[in-house]
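The same chain A turns up in both complexes below, where it pairs with chain B and then with chain C.
And then the complex of A and B:
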């Protein structure tokens, strides 16, 4: 355990669930597994999470190397700085995505040395045989990172998978454009299969792919069902733990191990609910993590919230939106088409709801649904300076929410169809730092802001009671 | 547009300083003005709909204030400036807004723009990231969706003939812009970089026919110049994204060099590529905007086995222009928080190194204050390249 004792590393964060505490060793084993797989001659692919190609990679027996995960590990272990500095010395601006900078700094160093950089966290990131970029509608770095890495690894081929989805428009329905979106996504994913067949020298086993898509969808539904258990009061699991339990969701979809993890988590949460055992027993404030990736080096901030009586029963980050059967996926036996429809359904699920509330927008509708379903008292977001993908639009979403959750008494129609007066003010907080660049973070300042936010929640609670 | 030739540069100056003046006049005359961001919006389709396209620009002299109440400061500073000016009402004559999927700072803020401005019409064009045939087919479908949408707003079915006519006008405009670049080939050039930047920027604020007319008169005026307004000096290329304020170009020229060519959005990146006039007009527009506009946001598959071969494929236009305009050095001018360009900086530098072309990389924040602070580094670069 010498690695765990390196300078700058902190003792293990306290989790509410056994499942969350098992994640660290699981990730470590996964990263070590990629290095062993390389030694065994298996084909490795640099990959991005949430790209709808998990089952395809697995079906081809290609071993994914989740580069965002490795950067996150470096950040969580507070050992990203040397890789960030190296990327900066190569000419990359520190204002760019720090996941990518960490990865590029690491890769260039590994290529220069011909071996892993010294004391690489958890043994290092294995050299890939191919890289699977992602030209989505979001995330420029996913489109550029591997291309930039190719400067240091010119022999490693790239396949850039285009995965668009239509943005929400007032005058256009998803159904109006779904045909050509699906056609394109399907062609892109079939192109990926052809690329992988060429790289591996083996043909796709389509029956196996269908089985893995079945397994992926079964896992997806189980995750949704399991996370919905967190509606309980007291909630048995918070966002701090969810930032661990996301690992099998986004790194192991389409694997039995991933599915089994959620079977265990589901069982554990049900048992905790039966025992009325919560993250904290006396919940004063139930908060929504309403946007942004966390600071991986500062997950203990969630414990700090807990120490103030605040819990996060729900988050928008790393969460299956709704079960597969609610995504209006047409019947098809083609596993690629299923993946394409799943992608489109995932991104456009809230569009219909937004249409029903003039001036609203899908991301805002999602927040409203969680606020209502989970009895939320306040919203917390995180603005990571280096990531425009997930951290633009947050202020605007909160401003939209304020139009609905106003700091004044409003008349609403109760479930008994009788009018009643409610005060629905919903305080919000945007924390500012980064995903892995610790130089952007001040624990003292962050916790002062949390303290002030808690005071606001107290004040609002008192006001509601008057 | 009947000014004497001698007045034309004054007119450019006025349109530059009072950017949007003509669009506002047209609005007051009963026209509908459609604002757009970035070079990836096919303005031809807006023109074909009978609407007035107007390219939004930022202002490096205007501190970003109101915009920050709705848009995060981690967005590209150029986009932030454009948004700030828009919510402050500088472009309040616009009836609609088109944003393309150029980068995260545009795509991820579309809703913020849409609801903050509350315009009668808005549309997002989903430009794919790759150049495969499937991407081209998708983009054609997406452009047809835009064609129908903007046509509905304009109350007009946009015919192929309407599109062909608009394409013709825009191609003419590109010919004229290219002719302006010809004036930069002499040493010293007959036109300053600052003048050209203003002309090209103004050109995107006008209906295309008026832009053509303006360029014609400007060309006539400049071709009559007997003497260059410049001294012989190092010939510089500026490589980067959207430079729509002349302050940086002027700083470079005031620091002892002549800017003779660029690969900027309001420059050769957008003004040079033509749209094919044969075949289906939407096919041709898709090809121009997805492939011919060489923007790093579009992924180009690796060519050859080595980095050098790939770099030649991706950045060859920089090398060609540097030869054509006899460039002595390149300034790579990139905005902070620009992921598409930022991830290419080492590759672009390596490519220029391979050409033995001196290069200065500058990261800036789209502000007159920060631009001024670059002077010392620029001067040192010019001393180095002699």
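And then the complex of A and C:
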């Protein structure tokens, strides 16, 4: 039978949107495209997402090979274990970033064989001509991963882009130090252009770069506008789908294909809203995915939430924070400066809000904004053991939230200036596993926690009514 | 005519059944084995025989615990978080925090009016659970039931630095070989376990009254150590293993009463204890 599943092949996850279901083939084609590009003699660069150099490499016709993406694909296909084990046997600790471990295991195997490892997911990860690190202060693999990979590819040069931003301190104004940071980031990005010119033997076309930055910003704003549509009740798209629709956001910024994808998604969501068609029709609970990368091998957990009447209209993971015009980017015709300001604006957007609430932090302010804007009933986070950068501090953030959303009646002043009592409880759930290491995951335990969380939401709703 | 409600709690280590009408009329506690479905039948059968009730006399049955899906005759499955909250509040209505120390997991539950409002769980690691005590008791060659009393006698608790159960076992054996008195070693072990549990539970807003349930609650040394760590006095029910099953039975009663009040149909499973084939 044509529909019969191949032995060992997992059933495709059910998505709410057509756009999300189109992502799998898109990623497959993109990975295949890098292998074809290699055969055609194009220059390939190992690259990191949220790197701020998307448009620069596109303008130089360098083909990005998104190494985090390939590790995620291996995880989603539940075929990362053999690469993780290989990295471990090479002496890397299993507690390091499992994206990096998967990539290192794969690279070493490919270099040893002189060809792709057997049955490499979606044809394998192409050998790069260069590697572009992208440090963002907190994530050490973004500097160290490619340095480690160079052991197996000593002929492949690395350019390490350092992209700092001022860490939050409530007595420091970003505006006071911004120029210093911008100057530094601009130098780093100009250095990258010089490196790419050397590697490709081509000169940068600055007009083309400006056009691509325009396109990137246009796409950025469209993504924000499109995701904001998810405020609708019932929400037309949940976080499960957003973990797919992030692909053009982080892997195709500055491309027409990326922009067109969100035009399509925007149209689809508007149509669904007009038809009042939601992820589930009878939304009982609206949840915020408040932090952490997902377990790529267990995205069906989002469907499990849906089966219990819970939807995720919003997430902090893979989301443009606010439209470009809100990021206070000064007028400039220099595309490199625009990229630098965009970077700084992205990381410091919630700083001012945090200052207005003593004891708060920018990450907490972002959660509060989404909780209020999207009428959120509970927060779910994922602690992935191997990602210290992203997952450190999640419990602290929840503790800060509990100070605001208290399980006791609080007196508030309503819009009509009348005092009223309100309970603003906000239950939370922390899932524990990893991004791609499936050995850290138990479906039974995870779903037991989800069941208990749903019952907690139910009892909180009942308590509100008493 | 009296109505009877049953709660069955299949935990990772022990299976508990209670039958209630106005109060508990029958209760059974037995070890959970690999054949959970067969055991569910067996313990229910024993509980019924204890009070000479036919199975069809039970109005509603709620199953809870990790094995709750393996109870073919249960009318509804509810997680142990909700059931513990209900059961504990039945005995101690002012309860705000529950710490359930089970055989292979540990939970903290914040409750309000008998309903859970937040929870934390450790189901990833034996450290912080009853399994930790079992392994250490084995290594020390003492009975697990004796541990609490022995620990209370230790005035100078030994420092156990390993978090991992396996390495802690090695450390305990090594400390014993060094000549550390057994009572101090046991006191140190209980303190170490209390540390781990309190670290997890402190992720909740702990508030009085604090009730400890599960097999760990039977260990008086652990309860004392935990009270010290948390800075709260704690209460232990007379039978701390049964609160989940009691809560399950009470929730069943609520479901029936709500259905009657709202004129809603009540879905129930067939009342038969069929032999289950185990593959």
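One rule holds in what follows: the second predicted complex is superposed on the first by the 457 of 466 C-alpha atoms of A that agree within 3 Å, B and C clash if a C-alpha of one lies under 4 Å from a C-alpha of the other, contacts with A are read in each partner's own complex, and residues count from 1 in each chain.
Keep this in mind: contacts are C-beta pairs under 8 Å (C-beta built on N, C-alpha and C of every residue); 3 or more make two chains touch, one makes a residue touch a chain.
Predicted model, so just to flag it, every value in this text is computed and none were measured.
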item	value
A:451 touches, of chain B and chain C: first, second, both or neither?	second
Between chain B and chain C, more extensive residue contact with chain A	B
Partner chain(s) touched by A:395 [first = chain B, second = chain C, both, neither]	both
Touching partner for A:353 - first (chain B), second (chain C), both, neither	neither
Partner chain(s) touched by A:91 [first = chain B, second = chain C, both, neither]	first
Which superposed partner A:160 touches (first chain B, second chain C, both, neither)	first
Touching both chain C and chain B, counted on chain A across the two superposed complexes	395, 399
Residues on chain B engaged by chain A in the complex (per definition of touch)	69-72, 74-76, 101, 103-105, 107-112, 115-116, 122-124, 126, 128-130, 132, 134-135, 137-138, 141-142, 145, 149, 152, 296-297, 299, 301-302, 305-307, 310, 334, 336-337, 339-340, 342-347, 349-350, 361, 363
Sites on chain A touched by chain B in the complex	90-93, 95-97, 100, 133, 135-141, 143-145, 147-148, 150-151, 154-155, 157-158, 160, 162, 164, 166-172, 176-177, 180-181, 183-184, 187-188, 191, 359, 361, 363, 383-389, 391-396, 399-400
In the complex, chain C residues that touch chain A	66, 78-82, 85, 110, 112-113, 115-121, 123-124, 203, 205
Chain A residues touching chain C - in the complex, by the definition given at the top	395, 398-399, 402, 407, 425, 427-428, 430, 432, 442, 444-445, 448-449, 451-453, 455-456, 459-460, 462-463, 466
